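Listed after this line are the structures, all set down as structure tokens.
Two complexes come next, and they have one chain in common, subunit A, joined by subunit B in the first and subunit C in the second.
Now for the complex of A and B:
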């Protein structure tokens, strides 16, 4: 039983190490900024997930019982990683991509809206 | 993070560094067989998320709190 647990933990650790390395290496090596966004946000999240699963198994089998801390951290990271990726992508699009460079959307509307937003004039402060 | 070509890449590198630091903290906790390192990992995750969102907002709007 201990041997199976140790093999599983070692497998999780190796997988997490490979994913973390690929994510961090892709951040350095990829060309376009949007490609660079892909590598760390997905691969590194999976790497941390593997490390957390390994830690959870370790403390459940050899430590002082099952603990919920890893599950909390995993949940938090998996919830926040897409949000941060979306924010960075949006900032990049708004700051350094020209409107004319964007590919056509295939619909009658512009990017990032599903339907016609209507009159863009809002009361109060002018939008930046 | 130091020799990044753009501002977005710097923020992305910071985010990656925080995530790797969380993984290192957890591995350190397993190494020393203590559950004490989970609270710092959780705090790193929260502060990293808030910091990245604040930086992205700063890039977008030039201001954090409007």
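Now for the complex of A and C:
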């Protein structure tokens, strides 16, 4: 039983290490800033996830019992990671992307980077 | 009276559970203090919550969470393979417009977060009227199909009335996937959805 748990934990840690490494490697390998954003937000998800699963298993089998902290870390990570990525993407759009590079919205209004979204109380009625 | 005391029952429950998990100890004392936090914090922050988000059925939330977790694992492997083995010149990066049928801000937030968490796609902007999402795709052969895939897989599961978008499948007339009711009897669109 202990051996199976140890093998599983070791496997999770190795997977986590590989994905963390690949994510960081992607950061230096890819060229465009938007492409670079993919590597750390992505590959790292599984990198952190693997470490958390390993930690949870270790505390459940060898430690002082089941630990909730890893679940909370997962929850907070899933809440904050998209917001960070969105801010970085938005900042990039504001500073160094030309409108011509982006596809049309397909609606009557432009992307919010290029058009004032207006009063949030009135969706679809942007201030000009 | 009860409504004023507990303006957000789900928030109260969430705060209590998160507190118990933070302390990592399920005992009467922890639950009691968590409950105090769960009762006080929603009352203090009530002015900042314009309206209470409607919670859809729990099985649908569980299904959504499982689908997203599975996709995160799968797509992580795909992105890792692209980073490691694909020559830089052959990475087909595209901007993709995803037209939205969702209208509730909470649902759009969840969809945008999901798109970012599933590897290969990052949601970058929303149109000024909130009817379209700008998504950056690391590698896609067909941007149109990617947008439709996002609509099929995630947006359909978040829509408040699943029946409006559920009947979907292969449309013989258009030769593509169809997300509109009536696909079996005849597609309304000449182009595949």
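Please note the rule applied: the second predicted complex is superposed on the first by the 104 of 128 C-alpha atoms of A that agree within 3 Å, B and C clash if a C-alpha of one lies under 4 Å from a C-alpha of the other, contacts with A are read in each partner's own complex, and residues count from 1 in each chain.
Assume a residue touches a chain if its C-beta (ideal position, glycine included) is under 8 Å from a C-beta of that chain, and two chains touch if they have at least 3 such contacts.
Worth saying up front: this structure is predicted, and the values here are computed from it rather than measured.
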Check your understanding: Does the superposition put A:33 against subunit B (first), subunit C (second), both, or neither?
Key -> first
Check your understanding: Between subunit B (first) and subunit C (second), which does A:91 come into contact with in this model arrangement: first, second, both, or neither?
Key -> first
Exercise for review: Could you tell me if A:48 is touching subunit B, subunit C, both of them or neither one (first, second, both, neither)?
Suggested key: first
Practice item. Return first, second, both or neither, reflecting whether A:25 touches subunit B, subunit C, both chains, or no partner chain. Key: second
**Study point:** First (subunit B), second (subunit C), both or neither touched by A:82
**Key:** second
Check your understanding: Looking at the overlay, does A:71 come into contact with subunit B only (first), subunit C only (second), both, or neither?
Key -> second
Exercise for review: Once the two structures are superposed, pull the subunit A residues common to the subunit B and subunit C interfaces.
Suggested key: 23, 37, 41, 45, 67, 69, 72, 81, 83, 90, 92
Point to revise | Residue numbers on subunit C that touch subunit A, as the complex places them | key: 18, 20-22, 24, 72-73, 75-77, 79-80, 83-84, 88, 91, 93, 95-97, 99, 103, 112-114, 116-117, 119-120, 122-132, 134, 136, 138, 143
Review point. Residues of subunit B touching subunit A in their complex?
Key: 5-9, 11-13, 15-16, 19-20, 22-23, 26-27, 29-30, 33, 35, 38-39, 41-42, 45-46, 49, 52-53, 56-57, 59-61
Study note, to complete from the structure: subunit A residues touching subunit B in their complex are 13, 16, 20, 23-24, 27, 33, 36-37, 40-41, 44-45, 47-48, 51-52, 54-55, 58-59, 62-64, 67, 69-70, 72-73, 76-77, 80-81, 83-84, 87-88, 90-92, 94-96, 128
**Study point:** Contact footprint of subunit C on subunit A as seen in their complex
**Key:** 18-19, 22-23, 25-26, 29-32, 34-35, 37-39, 41-43, 45-46, 49, 67-69, 71-72, 75, 78-79, 81-83, 85-86, 89-90, 92-93, 101-113, 115-118, 123-124, 126
